[in-house]
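Next come two complexes, and both contain subunit A; in the first it sits with subunit B, in the second with subunit C.
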Partner chain A sequence: MKKYLFFRVLRSIVSIFLVTTIAYIMVFSMVPRRDIFKQDPMIQKLANDPDSLTDYKENAYRKMNYIDYFDTKSLIAKVEAEHPDAKVTTAHTAANAKLFKEWANDNGYKLNRYSVSKNYYVTRELPLLERLGRFYGNLIQIDTPWAIHDKSNPKLARYLRIENDKTVGWAVVGSGTRYRYQIYFNGSFPFIHQNIIKFNLGTSYPTFAGNAVTDVIGGRQGQTVSTKYKFPNGQVMNTADNVYTRQYQSPSRRNQMSYERYEDDYTNVDQVNQDPSMIGTSVRAGFWALILSYVIGIPIALGMARLKGKWFDRLFTGVVTVLMAVPGLALIYTFRYVLSVAGAPDSFPTKGASAFSSWVGPTVVLALLSVSGIVIWFRRYMVDQQQSDYVKFAKSKGLTDREIYRKHIFKNASIPVVQGIPSNIIGLISGAMMTETVFAMPGMGKMLPDSIIAHNNSVVIALVFIFTTIGVFSVLLGDVLMSIVDPRIQLAVSGDEQNG
Partner chain B sequence: MSEEEQKTILKVRDLSVEFQVRGKTLKAIHHVSLDLHDGETLAIVGESGSGKSVLTKTFTGMLEQNGHVSGGTIEYNGQMLTDLKNDKQWVKIRGKEIATVFQDPMTSLDPIHTIGSQISEVIVKHQGKSKSEAKKMAIELMGRTGIPDAAERYGDYPFEYSGGMRQRIVIAIALACHPKILICDEPTTALDVTTQAQILDLIRDLKEEYHFSIIFITHDLGVVASIADRIAVMYSGRLIEVGTVDEIFYDPRHPYTWSLLSSLPQLATKDTNLYSIPGTPPSLYSEIKGDAFAPRDPYALKVDFEREPPLFKITDTHYARTWLLDPRAPKIEKPEIIQNLHERIEKQMESDFMKRAETEGEVNAS
Partner chain C sequence: MADVPEESKSGNNMTDDQLTAADFQRVDLDSLATEKIDTPKYSYWGSVAKTFFSNKVTIAMLAILIVMLGMSFIQPLFSGYSLTDVGKINDLAARYQWPSAKYWFGTDADGKSLFDAIWAGARTSISIGVISTVIVTVIGVVVGAIWGVSKKIDRVMLEVYNVITNIPVLLIVIVMSYTLGNGFWNLVFAMTVTSWLGTAYSIRVYVMMYRDREYNTASRTLGTPTLRIVTRNILPYLTSVIVTQVSLSLPSFISYEVFLSFVGVGLSQNTPSLGRLINQYQTFMTSYPYLFWFPVIALALITISLYIVGQNLADASDPRTHM
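On to the complex of A and B.
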């Protein structure tokens, strides 16, 4: 079992890697790169300033990992680093030009000039493999006490220790690390948190320009919320700062007020926002929708199977057939109308994420959309089980129908259902596109099509990566669940020791 | 036979069963009357579709949904089973009074519950024992039905058992509540010959110990000879002959019984073909006129095609439904192949036994 799981996880990781790589190669080689500026308002604004426009575009390409780009200032710095004795300036002299050319040739860069100022800059096309290498190389970032190297702060202490911190209480506190609090506890799920391992999926562009993709997908949204904290200097105040996310800030860019408050160089904090992240919104709605759909679907299927051929069965066969036949969008609008008559807001932002009633519409609609599948299949499995010999025998040994359904048929019929639950969650999260659009819900469902339209390559790749990961592992989870419910199924590689 | 053994535990009178199949009525059981005595083993034989299983299903109210008893009564120990309306009332009979062992042990057990829980489930249900008591009784029962290391194997799942072992478990479950009647619906058909013999031995032993009556459904006359006290022969939903084993084997009266006995594989020798009954059984959808077997009967009289024969009494225990027994009928001898059946079978079994002893000796030696 352990051996099997190990190899299965290994294979899962390989398949995630393959899918992501293929998506990466396709997106970055087949989508014309100039398309990323199609909807960018900055292009219009900079139209009168060709140099800035060039700089803006090359910077954008750099952020998206198409090229390496150094503007004049950085180029001079690079050249000077290589020739410490030479005096390099922006002036268009032959000497400068020679040095730039030399450096560009040595490092494989292409020397260009801005069209107006005629200043030099360099670019280098990143080969696809190098781009991939960077993507995977930066994918997982592990924080260590040796993570920060700051020339302006040579005496930065380097340690990891358990402390009863004044602000956050007991925590694993680091110095020399990117994050101050490596492991900490608080009242929000899952109660134990860490800042040691972080995913870096690149930078979002052109939508959510400049933000880390992980923040775009996983960062909280909406208005900031203030919480009362006691700071290391003893001051107690309300702040929207998320003190748990304190990151290193170089003394060269120190904010004196924050520095006094925290009494160290970890003053770079995120804000606390009130609404869940995009992924959180989708997961929350998807999870409850899943539960709701099974809570509705299973009893109906059970009743239909028990009363097979009777009016109850026929009625719901009709209902389910209609649900499956009518296009999803029509159903969403119909359900939304019905729910709004019942008092639920028909748009998510009307009351916002903090109001329970906002969640009712999307969740119920999502659930109802998947109820029909559950009912059809679970009824089918139950009916199959009803006709099996062991049910006949159970009846002959004197069990009532009720007992037979509860102890035998239900459990047997749930085996295939149990296996499908994790994949169903994925379906609900990633398939919520229409529902989220109709309810104007700030979730992840419509992000993939949105980012494809906006040519936000990094987000596309990140979503492919996330969906693949969840998808692959949910299949694995489904198999594990199934092996728990069904003793006949043992997760083992062939040749593995079978324990009888 | 003593008086007590002759006590009738199950009385079937004039029972008819019909099925509704796609708007048509199928008459599966046609006016059957039958008694089951306390402590006896009654074998019901007949070819596929003759109504053997349907008949016994009516005893436990387990007819398929489209079937119903259209006439007659079944009386068990003074209780009218034909009056039972719903499952709630039947639950008191099923398992507790009348238990059934089905043909295929591979599928008779719930694949995802442990063997033990499936036995103790019944004990808890019918005898109101606590779980730990039930477990103790279940383990005892498992040991009794020949499961080695019963306590350790209590928590095993059916897929970890062989077919023979599973049938032992099925029998253990059936006997868990000490039923008065055990219906064995071809319990050995799906098993190999050696296991078959073991299961038959087991049933016989357990019958001694627990004192129940057996209704044994089979089309294997060899099995019948080794286990039954009485035999009922069925054809097309009709009971055509009933008698003790000796009477049926050595003094059969109905031409169908003759044919059935003639087709015993034990009677075929190297140089003769195995006898088979020509033709097919009649359709049960239409009303059968006269003797149902008449069209396939080489001895059929004219009257056989016109009127249904009554049940003629031959001895106190032997009855047959054929016009040949009418005083006006011509005297017809049973076919030659089944004369001296006793000697023939004995001879055959002897040589079989010798052969088996030889092969077993070889197996043991190796």
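On to the complex of A and C.
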């Protein structure tokens, strides 16, 4: 079993890797790269200044890992590093040009000139494999006391120790690390937090320009909230700073006020926002929708199976048929209309994430989208069980229908409930894309169409990665749960059979 | 036994009319006729039609379906509806007219008839659904049949299938149509490129189930090649399975198209579609509800009738219902 699970997890990781790689190659080689500027307002603003526009565009390509780019200043620095004796300037002399050309040829770069100032800059096309290598190479970042190398701060201490910190209490505190607090505790779920292992999925552009994709998807949203903290300098005050995420900031860029407050080099802080992150929003709505769909679906399926062929069964067969056949989008609008008549807000931002009523609409609609599948599947199962020998035997013993259902069929019914969970989760992802878009709910499902329209390729890849991971691991989880619920199922054997 | 005396009695009554040899005629032994076993004539498709048309709901849905299909494919030929036509854009009086005798479904912001727009859009949506379904079914059945009989292919295909089924279909379709760019055939390709795996898998399961039945073992013993076993002995049994798949995939493809057009990827700017209409008019849900609800109702009628007709055809084509 352990061996089976190990190989199963390994295969799951391989399939996530495969899908993400294919998506990466397709998105970055087939979508025209200039499309990323289609929705960018900066292009209009810079239209009068061709040099800045060129610089902006090449920088954007560099951020999205299309090219390597050095503007005149960095180019000179690079050339000087290779020829310490030569005096390189921005002047358009033959000597300078020769040095630039030499350096560009040696390093595989292409030498270009800005159209107005005629200054030199270099670009290099990154081959797809190198881009993929960078993507996966930077995917997982592990923080160590040797992570920060700052020339302007040579005396930075390097340690990891357990301290009772004035601000956050007991924590594993690091210096020389990216994050100040490596492991810390607080009141929010799951109570123990870490900053050691972080995912890096690239930089978002053109929407949320310059932010890390993981922050866009995983960072909290909305207005900032202040909390009262005691700072290392003894001051007690309200702040919107998320003191747990203090990151290293070079003394050259330091904000003196924060430095006085924190008394160390870790002054780069995120803000605490009031609304859950995109991933949090989607997971929260998806989780309750999953539960709600079973709460609605199973009693209906039970009723249909017990009253097979009667009006109740026929009525809901009709309802389920309509739910199956009508396109999701039409259903979502219809349900939203009905719910708004009943008083729920028809758009998420109207009342915001803090209001319970905002969540009612999307969650209920999401649940209703998957009810039809559950009802059909569960009714079929119950009808089959009614014909089975053990039920006939129980009946012939003189047990009432109630007893048979409660004591016999119901225990077996947990099997299809568990069996259906993975496909329901995968279905919820598709459902979430439509529901969140219609309700303007700031979750991952809405983010995918949004980022596709904005040509935000990094976020598209990140979402493919996240959705695939959720899908693959929910199937794995479903199989493991199945073998726990139903001891007759042995994963290892069935797995071998599948292979043979 | 009881009729023997009866016969002799009648023979006695007819003593006057003597039978002569001329009354008899010699008939040669017809070897063909002796071989014939006299049973009521059975035609599979006749039987399917009989079961299919015995259901009143099916007939009603079929009528709706024929009307919808007819309107979608014939009406646009006469209406000349085009998204790029802006002839009445400056005619304020023509805008936002509620449904009337002249404009059955009212007019939109450009003074164009919604009635025309719906059928032009429905034609695109149905075309995409039908073409994609045909492609998926043909590839799915062919690959599924090969997959079911070859163990080597089974190994590879199962791995591919396991990877693909873990990913939401909508995710594949939306990313594919994003990377391929907008356009009718690009969208068809995006929708079909992995969807055939589902059909192929279900065919594979049935082929595996039937391939080791006794009649196929017998057939193989008699020297029937595998290709013939699959095409003649197995696939005809799967008619109802294939029809079920078709009736499931038609509405789902239409649904994907609608969502993609709603989001704004997939079809190019000048192609009318029901998804585009729904997206365009969702803001008028309270001010001009007819603009929003007519496309939704048209869409629902198309997919429901397609689904129910398909499901009932699948039931009717299952030989077990013919008894």
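To be clear about the criterion, the second predicted complex is superposed on the first by the 473 of 500 C-alpha atoms of A that agree within 3 Å, B and C clash if a C-alpha of one lies under 4 Å from a C-alpha of the other, contacts with A are read in each partner's own complex, and residues count from 1 in each chain.
Criterion: a contact is a pair of C-beta atoms (placed from the backbone, for glycine too) under 8 Å apart; a residue touches a chain by one contact, two chains touch by 3 or more.
Small disclaimer: the values here were computed from a predicted structure and weren't measured.
Undergrad: Look at A:Val475 in the shared chain and tell me whether it touches subunit B only, subunit C only, both, or neither; answer first, second, both or neither.
TA: It touches subunit C, and subunit B stays clear.
Undergrad: According to the stated criteria, A:Arg161 is in contact with first (subunit B), second (subunit C), both, or neither; which is it?
TA: neither
Undergrad: For A:Arg314, using the defined touch cut-off, is the partner it touches subunit B, subunit C, both, or neither? Pick first, second, both or neither.
TA: A:Arg314: touches no partner chain.
Undergrad: Have a look at where A:Lys45 lands relative to subunit B and subunit C in the superposition and call it first, second, both or neither.
TA: So A:Lys45 meets neither subunit B nor subunit C here.
Undergrad: More residues of subunit A are touched by which chain, subunit B or subunit C?
TA: C
Undergrad: With both complexes superposed on chain A, which partner does A:Ile453 reach: first (subunit B), second (subunit C), both or neither?
TA: Only subunit C is touched by A:Ile453; subunit B is not.
Undergrad: Do subunit B and subunit C touch any of the same residues on subunit A, and if so, which?
TA: After superposing on chain A, no subunit A residue contacts both subunit B and subunit C.
Undergrad: Flag every residue of subunit C that touches subunit A in the complex, lowest number first.
TA: My answer: residues 155, 158, 162-163, 165-171, 174-176, 178-181, 251, 254-255, 258-259, 262-265, 275, 278, 282, 285, 292, 296, 299-300, 303-304, 306-308, 311.
Undergrad: Looking at the complex, which residues from subunit B come into contact with subunit A?
TA: Interface residues on subunit B, with respect to subunit A: 60, 62, 87-88, 91-96, 99-100, 102, 104, 107-113, 121-122, 125-126, 157, 159-160, 170, 173-174, 176-177.
Undergrad: Going by the contact rule set out above, which residues of subunit A touch subunit B in the complex?
TA: So the residues of subunit A in touch with subunit B come to 388-390, 392-401, 403, 407-408, 411-412, 415, 485-488, 500.
Undergrad: What residues of subunit A sit close enough to touch subunit C in their complex?
TA: Within the complex, subunit A touches subunit C at residues 11, 15, 18-19, 23, 26-27, 30-31, 321-322, 324-330, 333-334, 337, 426-427, 429-430, 433-434, 437-438, 448-449, 452-453, 460, 464, 467-468, 471-472, 475, 498-499.
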